[in-house]
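In the two assemblies presented below, chain A is common to both, partnered first by chain B and then by chain C.
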Partner chain A sequence: MAGVPARNVAVVGLLGTASVVLIAVSSLLGGVWISPAVVFAILVHQASAGALGPACGPYPSASTACTIATEIVWDARVPSIIVALFAGAALALSGGTLQGLFRNPLADPFLLGLSSGAAMGTAILFAFGIFLSQQAVALPLFAFAGALVPGLVVYAASRSSFRNPETLVLTGVALSSVFSAILATFLFYNPSGGLQVSFWLLGSLSNETWTRAGILVGAVLAIGAALSIQGRELNVLQLGPDVAHSVGVETSRVVRRLILLTTLLTAAAVAFTGVIGFVGLVSPHVVRRLIGPDYRRVLPCAAVFGGIFLLGAWDLAQSVIPTVVVPVGIPTAFVGGPSFLYLLYRRRASSA
Partner chain B sequence: MIAKGAEGISLELAKGAGGISFEHVSVRYGDRGAVHDVSLAAGPGEVVALAGPNGSGKSSLLRVATGLLVPSEGLVRLPDGSAVGELSSRARAVRLAWMPQEEPVGDNVPLADYVAYGRYAHFSPWAGPSASDAAAVARALAEVDLAGEGDRGVRELSGGERQRARLARALAQETPVLLLDEPTAHLDIGHQLDVLARVRRIARASLRTVVVALHDLNLAARFSDRIAVLSHGRLVAVGTPTEVLSPELLERVWGIVAEVRRDGATGVPYLLPRLPSGTTAPRPVGAPGPRVHVVAGGGSGASLLRHLVDAGYDVTAGVLPLFDTDAAVAKELGVPTAVELPFVPIGREARVELGRLVEEARAIVVAPFPVGPANLANLETLVDAVGRRPVALLAQPSGVRWDYTEGSAEAARRRMVDGGAVIVEGVDEAISWLAALLPRRGAGPSPGPEEDELNLERA
Partner chain C sequence: MHLNPSPSAPTGVPPTLVVVAVLVAAGIGTVGSAVYFELRGAPGATAGPQNVTVVDDLGRVVTAPLNASRLVVLAPNVMDIVYRLGLRDRLVGVGCTTSITGGFENEYSPNQTALWDLSPSLCVTDYPALDTEKVAELAPGLVLASTITSASDVETLATTYHLPVVLLAPSTLEGIVGDVELVARLYPGVQPNATALEASLQRTLSNATAIDTNLSTNNDSIPSVLVTYGFYAGTYYTYGPGTFGQSLVDLAGGSSISSGVPLEYFGMNASVVLWDEPTVILYGTSWNDPYLVAGQTPAVWSSNAPYWAQLSGTKIPLDVTLLTETDPTMVLSLPWFLHYLHPTIVPVPSTPLP
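So, the complex of A and B:
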C-alpha cells in the first residue's frame, strides 16, 4: 500500500515494451511480404489520418501497389492485431476473475461451460447449413449466443438458493456435457459440419475487420473496466465468502456480478476468435508470479499480458509453417502448456 | 442462573457504544433446530462467553449476529435500535466484526494488506484508503503485538501469529461489537491466555462488547464477565462464572463429573474434570475375581493396573502417594488403594493398611517403580509377605536408575527373590504368571476351592 515497489514499475515497463515490439513484428507478418519501410509508413500515415508522412513510404502514393499494401496492412493485419490484443485481454481477465472467484487455480474462462455452448451455437449453423451466405455476421452472433447460454444458467443459479461456489462450478460442468451432447447430435445429423466446427473452435484471427475489432474493443473496454475495479472484493473473497461478508462485501451480489461480467466478456472474445485455450488459464498465473497476489494489480496486468500472449501466439501461427496459417489455439497450447509446467515445477522446487 | 430476557437489560446507549441483544432467536437447518428461542444481552465493556458442548449452537448464534445466518424467528438488535438483518453489508460491517473459527489461508499478501481487509466497509473504492484507515490498521497490529510486522506475508506467519492477525483484522473494523468464535483454537496455552487477556483489555478500554464462543471453561471463567451456557441450542444458564459453573450444571450439560475449585489469587472458579460417571473402565460383571494386590508408583503400574482390571481380577493397590499417576489411574479404575501424603515417608497407618491388603490378596505384583526413602517401606513390608503369598516382581528396566536408597531397595528386592518371589519381564508375563496361578473368571472352567488351595501351596 505504501508506494509502488520498483519491481512493479519494471513489470509494467516490460509489458509495455513487449507489446510495442510485438505489434511491430506482427504488422510485418502475413501471407504477403511487404517491406518494413512500407509497412511502418502506412501505419504512421493511416494512424495519423493522413497527416503524417507519405502514404506508402518508398511506393508512389497513388500506385496500385500502395493501395493493395495499405489494404493488407491497415485493413487486414491491424484489425487482427487489435482483435488478438483485446481477445487475449478478455480471456485473461475472465480467467483471472474466475480463479479468484472460485479460489481455484485451474479455473479458466470456459470453466462454466462457455466453450461447449459456443460450439453448440456454431454447430447450428454448420450442421443445418443455414445463414451460410451471411456467415460473417451470423457466426459471431450464434457463437456469442451459444456461449451466453451456460453462463446465464449459472448466473440464474447464483441468484437462487444454489449459490455455493462449488455448486456453481459443477453446474457449469454438467451444462457443458449437456451442450456437448447436443453438439454431437447436430453433427450426427450432418457429419461434415464437424470439421468446420472443430476448426472454428481452434481459433482464428485471419478474417478480422475494423468493424469486428471495433465491437470487440468496445465490449472489452467497458466490461474489462467493470471487472478491474472488483480487485478489492476478489482479494477479500480469498478468505472465503463468510469472511468477505463479515467485512462488508455483499458477497452474493459480487459473485453474481462477476459471473455475469466474465460470461459476457468471454462470449465476446469467443464470438470473434473461437475457443482459444490456455491464455485465460496461464496469464493470471504468470502475472501473479511477477507482481504478487493482489487482484487490484493482477487483473489489469493479466489483461495486458493476455493480449501480448495471444498476439505472440498469432505471430507464431502465421510463421511456423510457410504459407500456412495454423489455428491460433495450437501455438497457445504448445507454448502455454510447457511454460505453465515450468512455472509450476519451479515454484514447487523453490517452495520445498 | 436462569436465562434472562433481553428486555430486562436496558440498552439505551449512544450510537457507537458497544451492546448487542439477541431477542428470542431461533435457527433451523432444514428440519433440525440449531438454536431455540435464545434471548441474551451484552452491554458495553462486557465480555460474554458462549459455552456449551459441540453442536450446542454457539457458532450458529454468532453467525446470526453477523447476518450470515437468517434466524427463523427473533432478531439481533444493536444499541442504535437497528436489527442486524435489516442493515446493509457496509452498515453491518462497521457495527459488528466477526472472527470465524476457521478460514481459508488465502494468498500470501502482506500482513498490513490482510489487516486492511477489515477496513473494506470504511472507505469507498473511488476514494481509496485514508490516513485514518492506515492508522486503524497500525493500531490493530499494535493491539495484537504485531506492530512493525506489516510487510511480512501472511503465509509466512506462525500459527499463533496468524491467529492474532485474524484478530487484528476484526479489530481493524473498529466496531463496537466483536464476535469471536473460538479465538484460541490452535493456540498454545501461552497464546491462549495472551489473546484473551488482550481481548478483555480492549473491551474494557474502549467499551466494546465482546461475545466469544469458548470451549475451554477455565478460560471462559477467567476472561469473561458472564458465561452463557448453551445446551442443544437452548440457553440453560447465564451469569457470572461463579454463579454458572456448578458441578450440577457441568454434569447436566457436559455429562462430566468435575470439581469446581477457586483460584486463591483471583477468586475465579476453575474446574478439575473427572471422567464422566459411568464411563470408567467397565467393571467385570458377576462375582469379583481373585484378589491381586499391586505395588507401584510414578506411573510404573498404570498399564499393569488396567490389564489386571480388564482381566477380571479384584485389584487393590498401594501404598501410593496422593496425586501420583498410578494413584490417579487406580482411582479412575475404581481400584481400592492405600494412600499416603506426597513426599513424606509411608507412615504407620498406611503401612497397616498395606499389610491388610497384602493379607487379603491371593497374589502380589510389584511394578518396576523407582524407590526412594519415602516409599521404601512398600518393599520392606513385602519382604515379610514373601513365602506367605506368591509375589512377582516386574524386572526393573536396565540402564535406568531406580534405586534412590543407597542399596536398601536393591537389597530388599534380592531378599524377596531369595524368599521365593519370581521375576517377570513385563506386564504380559505377569498376567500369564497370574493366569497359571489364579485362573480367572471367564478363562476356562471355574476352579474349585481345593484346586485353588493346591495352587497356592505350590507357589
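So, the complex of A and C:
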C-alpha cells in the first residue's frame, strides 16, 4: 500500500508538469508566429497589470505591432487556453461521474442527450435568423438552454417512479434521437446557417474572450467542486444500490444530484465550445489506469487530464495549417479514438 | 364449423382481387406511359435538323433542340445569362429552395426576383434534391443547369426523362464569356444580344488586365485584400487560390492575404487577418443565401465579426452573389473591384454596380 500514494504523487506531478508545459507551448501557437521573447514579455507585463517589464519585449511599446501582438496573445490565446483547460475539465468530470453513476464504461457527458439538445438550440438561432446581431451572447445562451432541456427531463424522470438507472439512460438516448430529428428538420427545411451549425457541432476554441473564459471558469469551479466531492458516494454506488443503501447512501437522492450537476456542467462547457467528443469518455479511463478506480481520486485527476487533453488537441488543430482554423473536435476524435482502442485492447490483453 | 374447409377455398389473396390489382396496375401504367410519351414528344425533343449538338462545361456532349420554347433554369448564374440574352419569355421553371423561413425568395435576392420577374409558381424545388418529376411534368425542350444540381439528378433528367440538360459551370472568368456563346448556339435568334454581351465582357476583362498591368508597371502599391463571405467563431471564411473570389482580386490588381493557403474555401484564423492588416476588406452581405450564412448585413458584421473594430482597412460591403455566382454580372462588376482596390487611381465607374 505504501507504493500507491507514491504513484499517485507521481501522477499528480506528471499532470501538473504537463499542464505547465502545454500552457507555455499553447501561448506560442496560432495563426501568427510571435517570438517566444515577445510572448513572454506580453504575458508578464499584462499579468502584472503593467508593473513588470516592457509591454512587448523587443517591440516598441507604442507600435502597432505591439498592440496587435498583445491583442493576439493576451486577449485571444490566453482566454482560449483557459477555456480549453476548464471545458476539458468539465467534460472529463461529467464523463467520469456518469460512468460511475450508471456503472457504464461507455458513458460520456452527452449520454443524456445534451449535445443534441444544445445543437437544436443553436439551430433555432441560425435557422430563424434571430438575435444575429447579438451572436456572442445569444449563441451560448441558446446552446446552454438547449442542453438543459434533455438534462432536466432526465432529472425529472429521476424524481418519478421511473428512476431506474437503465430507464434514465434510455430516456436520454430517446431524447437524443428526438432532438437530432428536430435539428435535422430545421437544417433540412432551412439550410441557412447550416455551415455554422456544422462548425459548431465539431467544437471550437477560436472565439474566446476574457468574459467567456470568466463565466466558464466560475461555472466549472462552482459545479466542478460540488461534483469532485461526490467520489465517496460514487465508490459506494459501484457496489450496487442495496449495499449503498445499507451504508447510509440515499441512492435516489445521489442520482438526482449527480444528474443535475453533470447536466449543468456539460451545458456550461458546450455553450462556449460546441460539442467536443471523446474528452469526457477517454479521460476517466486513462486516469483510472494510472491511479486506480477510487472516484475520490479519479474525478479531480480526470478533470486535470481532460483539460490537458483538450488543450493538446487544440494545439494540434492549430498546427495542421496555422492560418486555417480546424474544429477542435477533429483532433480529439483522431487522437482520442485510437488511444482509447489501444487502452482497451491492452487492458484486455493483460487480463487474458 | 371450419374444421374441414373446402380444398378449393382460397387460403391467401382471392384470385379475383389479384386480377383486379393487375388490371388497375396496368391502367396506371398506361396512364404513366401516356404522360411519358407526351413528354418525349414535347416540342424540340424530336430528332432532326432542328437540333444542335454542343459540348457543355463539363465536357458532356448534348444534343438539344434549337430555340427550345420551354426552358427550365436550375441555377441563378444561368438565369443571369438567360435574362441578359432576352430569353426570359421561354422560362417555364426555375430551381429554387423551399424553407421554413425564406421560401422561394431564399435563393434569389429581392432585386433578382423583381428584375427577372420570378414568382413562386415557377419554382422547381432543388433542395436538398431536385424535384425531377416536376421538371419532367413541365415538358421543357431544354434544361440549363450548373453543378449545384447533383450529378444523379442530371442523370435522371437526361436518361429517365430524356431531357437535354446543358451544364454551365465555368472554371475561369473567361469561361463565363464562353457560356454566353454556348447559350447563343442553342438559341441562334439571340445571337446579336450574345455578340454584344460577349464583346462587353471581353472589353471589361481586357480593360481590367490593362489597368492591372499598368499599375504593376508604374510600381503602384498593391493593396492587400481580404475577401470574405462570412465569419464564425474567430474565423473569416475566405477564398483560396483557384477560386473566383481570388481571381477577381488578382485581376483588380490586389494581393489576397489568403493566396498562400492551399485550400479553396476555408475559415481563416482571425488573428492572421488582424496581423496582416489588409488594406481593403471586401465582405459579402446577403439577404439570406441558403448556401452561405444567414442574414449577414453590415450591422451583423460590425457587431459580431472578430476584431472588426480593430481592422483599419477600408471595409466595403458587397452583395455576396457578386463573389459566388459565375455569371456576366460577376465580370461586369470588375470595374468596381478596380475602383475599390485603387480608389485614387481608378475613378468611380460610370455604370452602377450590376
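Basically, the second predicted complex is superposed on the first by the 346 of 352 C-alpha atoms of A that agree within 3 Å, B and C clash if a C-alpha of one lies under 4 Å from a C-alpha of the other, contacts with A are read in each partner's own complex, and residues count from 1 in each chain.
Here is the rule we use: a residue touches a chain if its C-beta (ideal position, glycine included) is under 8 Å from a C-beta of that chain, and two chains touch if they have at least 3 such contacts.
Since this is a predicted model, take the numbers as computed values, not measurements.
**Q** Both complexes share chain A, so when I overlay them there, do chain B and chain C fit or clash?
**A** Pair status: fit.
**Q** State whether chain B or chain C is in contact with more residues of chain A in the superposed arrangement.
**A** In the superposed model, C touches more residues of chain A.
**Q** Would you sort A:Gly214 into first (chain B), second (chain C), both or neither based on which partner it touches?
**A** neither
**Q** Of the partners chain B and chain C, which touch A:Pro338 in the superposed model: first, second, both, neither?
**A** neither
**Q** Output check: A:Ser246 vs chain B and chain C. Expected answer is one of first, second, both, neither. What do you get?
**A** The first partner, chain B, only.
**Q** Tell me which partner A:Arg103 touches in the superposition: chain B (first), chain C (second), both or neither.
**A** In the superposed model, A:Arg103 contacts chain B only, not chain C.
**Q** Based on the superposed arrangement, let me know which partner A:Thr323 touches: chain B (first), chain C (second), both, or neither?
**A** The answer is second: A:Thr323 touches chain C but not chain B.
**Q** With both complexes overlaid on chain A, does A:Asp294 touch chain B (first), chain C (second), both or neither?
**A** Touch partner of A:Asp294: chain B, not chain C.
**Q** Can you report the vertex angle at chain A, computed from the C-alpha centres of the three chains with chain B and chain C as the arms, to the nearest 10 degrees?
**A** 120
**Q** Considering the aligned complexes, could you tell me the closest Cα pair distance between chain B and chain C in angstrom?
**A** Superposed model gives a least chain B-chain C C-alpha distance of 31 Å.
**Q** What part of chain A is shared between its chain B contacts and its chain C contacts?
**A** Of chain A, no residue contacts chain B in one complex and chain C in the other.
**Q** So in the complex, the part of chain C that touches chain A is made up of which residues?
**A** Counting only chain C, the residues touching chain A are 97-102, 106, 127-128, 230, 232-235, 237, 258, 260-263, 266-272, 274-275, 277, 288-296, 299-300, 303-304, 306-307, 310.
**Q** Inside the complex, what are the residues of chain B that reach chain A?
**A** Touch list, chain B to chain A: 63, 66-68, 88-90, 92-94, 96-98, 100, 103-104, 106-109, 112-113, 116-121, 125, 129, 134, 169, 173.
**Q** For the complex, give me every residue of chain A touching chain B.
**A** Its residues touching chain B are 1, 103, 229, 232, 235-236, 238-240, 242-243, 245-250, 292-294.
**Q** Report the residues of chain A in contact with chain C in the complex, numbered from low to high.
**A** For this pair, the touching residues of chain A are 30-32, 64, 68, 71-72, 76, 126-129, 132-136, 186, 188-196, 199-200, 204, 206-208, 318, 321-325.
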